[in-house]
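Take a look at the structures below.
Consider the two complexes below, in which chain A is the common component and chain B and chain C are the respective partners.
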Partner chain A sequence: MGVLSTVAFWVLAGVAVVFGALVFRVDSMARATYCLAASFVAVAVVLVLFRQDYLGVVTALMMIMEMAIMAVYMVMFMGMNPALMPMSMVHGRRTALGLSVGLFVVLTVGVLLVPWPSRRGTPIADVTRALGESIMGPKMLVMLTVSPVLFATIVAALVLAMPRGRYDRLGDDLRRRPPTDPQRGGVGR
Partner chain B sequence: MSLPAVLIVVAALFCVGLYGALSQQVVVMVMMGLELMLNAVILAVAAVLWFLAPQIDGAVLLLVVLAAMTVEMAMGFAVATVLHRSRQSDMTDMAADLAG
Partner chain C sequence: MTGGVTPLSAGWAPVVALVLLAGAVVAAALDAALDSVPAGRADRARPGRRRTVTAAVARLLRQRRRVPVAADVLLWRIGVAALPVAALLMAAVLPLGRWTLVDWPVGVVWFNAVDVAVWAAVWLAGWGPNSAHALIGGYRFLAQALAYELPLMFALTAPAVAAGTLRIGGVVQAQQSLWFVVWMPVAFLAFCLGVAGFSVFGPLSAPAGSDIAGGVLAEASGVDRLIVLAGRYLLLTAGSGFAAALFLGGGAGPLLPAWAWMALKTLAVLSALVVLRRRLPVLRPDRFMEVGWLVLVPVTLLQLLVVSVVVVAR
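Up next is the complex of A and B:
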């Protein structure tokens, strides 16, 4: 990698870590969301530096959308204007800080002590194409596993998030008539 | 830029996320901590892929991590919704009876 890439990496790494830390320092959840988005986008650009173009773009797009959803959740659940009302809702702060700093020291010492081997092989020219061919070929089991997991997630999330489903209205055997509704519908109510 | 340098950045990101996941009370903020930790894992896999073994297997692993992140996000939001509906709260301390 050239000097420009190295400089870009350190700037992006700084942005990722600093904004990641700011997530838990800023006064509002709205600002925390923007900080997390900035951290993720910085890491996504680093992925592009490492020639993982497709995954970098997917990460950036996914995280920006997720932060938008998070902003909606804050408005829904916090019951306040999160940009104007400072908040600090933490517990066990010293323990968490001690554990985190301790783990950082252990990981850093480990990283510095391990004799890392040199690179085997050369980077793949077109990673996006190779990835597509891989998951549709020899690594198809990954897709076959991830697909039902994602589908199950959709179903489970919907079941959890729905306030009332058809089983609440029509009973376990779906035979209850008329359905139990908070207010009757239809003509003549 | 070298692998140890990138991995130290990864360690910093992971530990910041760990601090958030352990210390925050709001469910959505706990999710933010978990996501920062997964963010660090993504960077670690990409770095190992680039510096040690530039093979496609690592990119497939990255795809799995992204899928795990998606599942965590969707289920986290769903649980936050249920928690808020049933207890009018989005704090983990209000759901301590769900532990274990």
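Up next is the complex of A and C:
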């Protein structure tokens, strides 16, 4: 890496950590959520700096999308009133601080102690493909199994969490038309 | 491979911004002109009240900014400013004829990431003013974004799969013999709907709907309001440009130079969106959500399947 990218790396790393810490300092759920989003976007830019353009841009995409939705849930479920008013972002302060500092130390020590291989030769043109193949290539079966399992988990969790099923909508003999819905959908089911 | 487009130096960025702004002004002027066409007797009763873009801009620049009590001004300003910035970031990877500002190998994904950033922008613009109507507008936007975004993503995937590249220039070049709109019309329509979605425009303008006193626009006044309104037209222009590049062959065409064709096609899509706004009702977000998931997602997935099969069989 050149001087410029080294400086950019450290600045972005700093931005990621500072915004990560701000999550616990600000007094509104919206600010906390979008601080987290900013932290993730800084990490995404670091990925672009590593020439992992695709992964970097996709990380930014996913994280902004996720945080935009998460803000809604944070406001809805966190806090008493619900979090439309200023509120503290911390609870269980001492335990949480101890755990997070401990984890940070463990991870940092890990990063510093791992004997990273030094570069041999030059990186190939398409590093994204190379990374994908080295991560997934020999483990494609695992990847193919994991994604349907994850998807099934999401569907199962939704089904369990649904307060209303088809019998509530369509009656005991499933014949009621139109179904009773608290809100009509758009396709006239 | 550069895909037939020449990257410009960073010094050209203001020029690209001005070109985008010109497109947005044309769209706004067309919109205002259509507004002042008398639609019925009630309108004809007030002659001489023509709404022009210049007058609207001048009025908003003169107007004093109102800030509601306990507004989260920082987040509000970020949300408002992010709209035109997002449009510019989209335009940065768009091939304008033979030139492009950034010829990025992941241009299609970049466009997608920026249009998702609009989610955050609109929600923040709704959250910031600490007003119930604006907040409802923000929530409405996220609800319908969940419905239009996946179809938009699949619609974006189709040209990328057909061209075998995520580079916008490559997608344009892959359409030399046949425009993608011809054999992926569903993706094109879903894409245009997505453009209307992230521009909070036309049938998907419920987040700024008059039934909630303007929604995300409810509290925006003065220069803030100007930036939000301009940002919507800028996003609409950038989105039309991408529709031209991804589906209508970009700068391809006889006689005229590539930039002229690109401009013509972009303006054609833009005008169609502006004209159609008057022909289509504003969709209710709760109804549109079900349409998005039960109709648009399967239909765009099928379109993607057709495209993939054609690509493999070719």
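Here is the rule we use: the second predicted complex is superposed on the first by the 110 of 189 C-alpha atoms of A that agree within 3 Å, B and C clash if a C-alpha of one lies under 4 Å from a C-alpha of the other, contacts with A are read in each partner's own complex, and residues count from 1 in each chain.
By our rule, a contact is a pair of C-beta atoms (placed from the backbone, for glycine too) under 8 Å apart; a residue touches a chain by one contact, two chains touch by 3 or more.
This one's a predicted model, so the numbers in the text were calculated from it and none came from an experiment.
Novice: Check the residue A:Ala60 against both partner chains and state whether it touches chain B (first), chain C (second), both, or neither.
Specialist: second
Novice: Mind working out whether A:Val45 is in touch with chain B, chain C, both or neither, as first, second, both or neither?
Specialist: neither
Novice: Under the stated touch criterion, which partner chain does A:Arg184 make contact with: chain B (first), chain C (second), both, or neither?
Specialist: After superposing on A, A:Arg184 lies in contact with chain C but is clear of chain B.
Novice: In this superposition, which partner touches a larger number of chain A residues, chain B or chain C?
Specialist: After superposing on chain A, more of chain A is contacted by B.
Novice: Per the contact definition in the header, classify A:Ile69: touching chain B only (first), chain C only (second), both, or neither.
Specialist: Both partners.
Novice: Output the chain A positions appearing in both contact lists, the one against chain B and the one against chain C.
Specialist: 58, 69
Novice: Can you check the complex and tell me which residues of chain B touch chain A?
Specialist: Within the complex, chain B contacts chain A at residues 1, 3-4, 6-9, 11-20, 22-26, 28-29, 32-33, 35-36, 39, 42-43, 46-47, 49-57, 59-60, 62-64, 66-67, 69-71, 73-75, 77-82, 84-85, 90-91, 93.
Novice: Which residues, counting only chain C, touch chain A once they are in their complex?
Specialist: So the residues of chain C in touch with chain A come to 72, 74-75, 78, 104-106, 109-110, 112-113, 116-117, 119-120, 123-124, 127, 139, 142, 145-146, 149, 166, 283-284, 286-291, 294-295.
Novice: Quick check on the complex: what are the chain A residues that touch chain B?
Specialist: Interface residues on the chain A side: 1, 5-6, 9-10, 13, 16-17, 20-21, 23-24, 29, 32-33, 36, 39-40, 43, 46-47, 50-52, 55, 58-59, 62, 66, 69-70, 73-74, 76-78, 89-93, 95-97, 99-101, 103-104, 107-108, 111-112, 116-117, 119-124, 127, 130-131, 134-135, 139, 142, 146, 149-150, 153-154, 156-158, 160-161, 163.
Novice: Which residues of chain A touch chain C in their complex?
Specialist: Checking each residue of chain A against chain C gives 28, 30-31, 34, 37, 53-54, 57-58, 60-61, 64-65, 67-69, 71-72, 183-187, 189.
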